[in-house]
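You will see two complexes here that share subunit A, one where it goes with subunit B and one where it goes with subunit C.
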Partner chain A sequence: MFLELNNLLNTTPERAEQGKLTLLCDAKTDGSFLVHHFLSFYLKANCKVCFVALIQSFSHYNIVGQKLGVNLTMARERGQLVFLEGLKSAVDVFFQAQEKPHPLQFLREANAGNLKPLFEFVREALKPVDSGEAGWTYPVLLVDDLSVLLSLGLGAVAVLDFIHYCRATVCWELKGNVVVLVHDSGDVEDEENDILLNGLSHQSHLILRAEGLATGFCRDVHGQLRILWRRPLQSTSQRDQSLTYQYKIQDRSVSFFAKGMSPAVL
Partner chain B sequence: MTLSEGARLEMLDSLHWGVLDLAKCGDRDGLSIRHSVEWEGRSLLKALVKKSALCGEQVHILGCEVSEEEFREGFDSDINNRLVYHDFFRDPLNWSETGEALPGGPLGALRAMCKRTDLGPVTIALDSLSWLLLHLPCATLCQTLHAVSHQDSCPLGDGSPVGKVHVLGLLHEELHGPGPMGALSSLAQTEVTLGGTMGQASARILCRRPRQHPTDQTQWFSILPDFSLDLQAGPSIESQPHSDPHIPPVDPTAHLTFNLHLSKKEREARDSLTLPFQFSSEKQEALLRPRPSQATSHIFYEPDAYDDLDQEDPDDDLDV
Partner chain C sequence: MAAVATCGGDAGSAGSAVATASKSNVTSFQRRGPRVSGTNDSGPRLVSITGTRPSVRNGQLLVSTGLPALDQLLGGGLAVGTVLLIEEDKYNIYSSLLFKYFLAEGIVNGHTLLVASANEDPANILQELPAPLLDDNCKKEFDEDVYNHKTPESNIKMKIAWRYQLLPKMEQIGPVSSSRFGHYYDASKRIPQELIEASKWHGFFLPEKISSTLKVEPCSLTHGYIKLLQFIQNIICEEGFDGSNPQKKQKNILRIGIQNLGSPLWGDDICCTENGDSSHSLTKFLYVLRGLLRTSLSACIITMPTHLIQNKAFIAHVTNLSDVVVGLESFIGSERETNPLYKDYHGLIHIRQIPRLNNLFCDESDVKDLGFKLKRKLFTIECITKWSSYSLQSQKYFLSHHLQRKFSIKEPYFKELHTLKKIY
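Coming up: the complex of A and B.
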């Protein structure tokens, strides 16, 4: 996890809030560093994590995780991490006979299906174990990412329904957290993606938006991060709090600074 | 809060009494709250629900987006007792197949409200209209909403009229195209679009009453923690965005090598100075009647050693 990002979000693994939906989105840049941050953050917070990884392989996340101080292989072995490797298990849908529907069963369906099997996989992975061993703090669902589900033929409403059910089960019933990544198509007109992004924005408590710089690529400033807190529970103030920082990604950390205050230009 | 309080509350009247006031309304009683990600509208919906409950109406909430606890949070117990929450948050699509989900889903619940038999006025709050619009065909939803809000014009079999029905709907404006939005706008009598500036929320209220000119007003407001509405005249000065709290504001006049400040005497001298082109009457007189004793301007010339004091005009030998 990135300590500077924890400071900006005013949170630590020990005292993170529960029952929250965090939306990560990126526009014109790669926001996957946020996914790595939250994965290592929640593993360090001793949470039971279900990671639906549809974009990269397990070893990719493991390598980055080791730079951030978590060992995914060990976490998986001791049962803290339930990892759905989309790239590998998508093939199982076609070549292995399954008794119950595979989480990615929608790949076989001709019409736009729903994500009920995937939801049931998540619910099964995160349901509290009665024996009470290992004592994980609270469950967390991480999805990387949802836009690829649209590319695979699902409708935006089906994905929104899936997140709705995850929110109802993980956030409300189990008092855990959900973190999802959605790409913003930006200039490209993609109605389904816009519906997905806007629909999730309305349901989220925290939105982290990584944007590329408007002027293009820069060696010292990789992008801009906009943080929007929604639905603050303490007060019913209409105005949600929003902060913007620029960042530079380094080998093992990300440094954040106010706009125009990059160390390279000061 | 009574309807007869001062002029300041007239905006409050038109904001939702325009819908909830039995005397002024026509047949169509729908109010839709359009909000965006930046300016959320659920608190306003809750404030209006609280108002209806305080008036003694029964309030039905079709909850599809937030849990019952989250919706009821902030209301005190006598209001909560008047709210009937139809929970479509936990299992709206009946995925759990346990049989606990309400039959027919949200549409069934909405249709059931068309056939109610109690006579008192009732308010139906849809949280949210966007969820219904995404999951139901637009035509079906519009027909059902029309039927729900028009049931007061169709009396019961025994001839007694059913009480007024008011429908409040929360709409996420970025999610829908112009077609469905237009259809819902035509159904709603009042449309409240939320926006704001400088930390202050505003509501643009478009009210179309039958046989009256449509009105378009903007009202600044804020919602208090107990979900009562506080109407304001305009954006307050204190809610200006402050600079980044991490960097304290720097005073640019702090460490200068020159003096930017004036002492009291200097300030007085500056204030009493008359400007050269400021024409007071005395100055005008003096200019118009120059005194002969006043000499015209003098030129003082001291020649250098190398100056040529030849009085001859060098241009004299020109044949011009």
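Coming up: the complex of A and C.
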């Protein structure tokens, strides 16, 4: 996890809020560093994490996790981390007919499917173990990323339903957190993606938006991060709080600074 | 390599993990430790695969794309297990050239090839590969090129033309040996027949593989894509590229080349209509293909006619599902052909995406305006932005001569300036 980002979000692994939906989105840049941050954050907070990794392989997250101070292999072995590797499972489900429904069953279906098998997988992974020996604090669902599901033929409504079910189970019933990443297509007209993004924005408690700079590529400032705190279920008499920072990604950390205050410029 | 050795403190444990890779464990993204020497016997000997090298940044195993200039822009080469997507130029001239360079590099390095095409027989494609330029043949030509393209030594401080010093060097042209990482090819000559016969290749020609059956059960993917995926998976399993056959003597890389993916000849209608019915067939194909690549020692090049796809959101999806995306834009037939700014180049090359593998960030090059040209049988990529002012070229000569006489500035300095004039 990035300590500077913890300071900006005013959280630490010990006293993080529960029952929240966090939306990560990126526009014109790659927001995957936020996924690595939250993965290591919740593993350090001793939570039970279910990670649906649809876009990269396990060893990628493992190697970056080691730079950030968590060992995913060990977390998986001792049961703290349940990892669904999308790429590997897609090969399995595609080439062999499965007896019981596979989480990525929709790849075999001709019409737009639904994500019920995936939800069953998540629920199974995060349900509290009755033996009580492990003692994880609270469950967390992490999805990287939802736009892949749209590319693979699912409708925005199916994905919103899936998130709704996950929120009901993980956030409300189990008092855990859900973190999802969605790509923002920007000026490209992508209706389904916009529906998904707007729908999730209205439901989430915290939105972290990584944007590329409007002026283009810069070596010293990799992008801009907008943080928006929301209260989706309460009447908002107060305005939502929003902050904007610019960031630069380094080998093991990300440094944040106010706009125009990059160390390269000062 | 010292750079690899300092890549990570736990490279030793990763090295032994790779050496004892079982089927479930083999991914191409395990960090390759430095070559195990005789004194350090923590595990069995790691034999490095020909034609590959570890990345300096993260120890990722890289193969050459066949164009050393492109390798440099991608941060050293194409990572094993990833997809290089080339957005074709309008008449598919230069993209098919890059496709052939990739395959020719595979033949020169002794990799196994898998060529898939819907419009051309793979055997014909292999016949048309460019010939590699090896050591003795063209040393003279290289010397001439080196003289023309010689950029000034970085330790000579430019006083007058100081901006030229800041331009990045694009590629090191030098004598080529067959054990080098990337090779140069002569696009006007054909590859020698004995090289093709000595290589191992598999071809997938779509009209042969699917018989015209009228009864095709509705599947999630187009029939041609399903066949291609099954073919690729068969080759990977049978020949042990996924580590399933550890008794094999020598590990090798499988280079997959898929030509014109998404064109109507594959049975896909994404290029024909705005919202094709099976428009998710191609993305599912890419997803499963990447899954196959990640768990095997292979690298794939795909050329796709994206200029025919009207649904721009679809192109964004395809970009997100690929690893490296390079777009080619040729000037043939466009108004840019007569633009004086582009007179030396045949087209523009856009590096649209570079993956961040095993790392928080990637090696993006600073230079974003890149043009390519096919000059003297060599495909070169250069930065287009220049700081010369075209009308003042002749005045540079007068100025230099005047300064030489007046201030007795030494001769070699102006020789450098003289060669600069030819480039810029």
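Details
We adopt the following convention: the second predicted complex is superposed on the first by the 258 of 266 C-alpha atoms of A that agree within 3 Å, B and C clash if a C-alpha of one lies under 4 Å from a C-alpha of the other, contacts with A are read in each partner's own complex, and residues count from 1 in each chain.
In this text, a residue touches a chain if its C-beta (ideal position, glycine included) is under 8 Å from a C-beta of that chain, and two chains touch if they have at least 3 such contacts.
Only a predicted model underlies this, so the values are computations on that prediction, with no experimental measurement involved.
In the superposed model, more residues of subunit A are touched by C than by the other of subunit B and subunit C.
By the touch criterion defined above, A:Ser255 lies against neither subunit B nor subunit C after alignment on the C-alpha atoms of chain A. When the shared chain is aligned, subunit C comes close enough to touch A:Ser32, but subunit B does not. Once the two complexes are overlaid on the shared chain, A:Val157 sits against subunit B while remaining clear of subunit C. Using the contact criterion defined above for the overlaid structures, shared-chain residue A:Leu87 touches subunit C, although it does not reach subunit B.
Touch criterion met: A:Lys116 reaches subunit B, while subunit C stays clear of it.
In the superposition on chain A, contact is made by A:Trp172 with subunit B only, not with subunit C. In the superposed model, A:Lys67 makes contact with subunit C only, not with subunit B.
Residue contacts after overlaying the shared chain place A:Thr137 against neither subunit B nor subunit C. In the superposition on chain A, the residues of subunit A contacted by subunit B and by subunit C do not overlap at all.
Those residues of subunit A whose C-beta lies close enough to touch subunit B in the complex are 114, 116, 119, 157, 160-161, 164-165, 168, 172-173, 194-195, 198-199, 201-203, 207, 228, 230-231, 235-240, 243, 258. Touching subunit A in their complex are the following residues of subunit C: 10, 27, 29-31, 58, 81, 218-220, 229-230, 233, 280, 283-284, 287-288, 290-292, 294-295, 312-313, 315-318, 320-321, 356-361, 364, 366, 368. Touching subunit A in their complex are the following residues of subunit B: 37-40, 42-43, 65, 67, 74, 89-93, 95, 130, 134-135, 172, 174-175, 194, 196, 199-201, 222-225, 227, 239, 244, 246-247. Residue ranges on subunit A touching subunit C, taken from their complex, read 30, 32-33, 36, 55-60, 63-64, 66-67, 86-91, 94-95, 107-110, 147-148, 150-153, 183, 185, 188-191, 193, 216-217, 219, 222, 249-252, 254.
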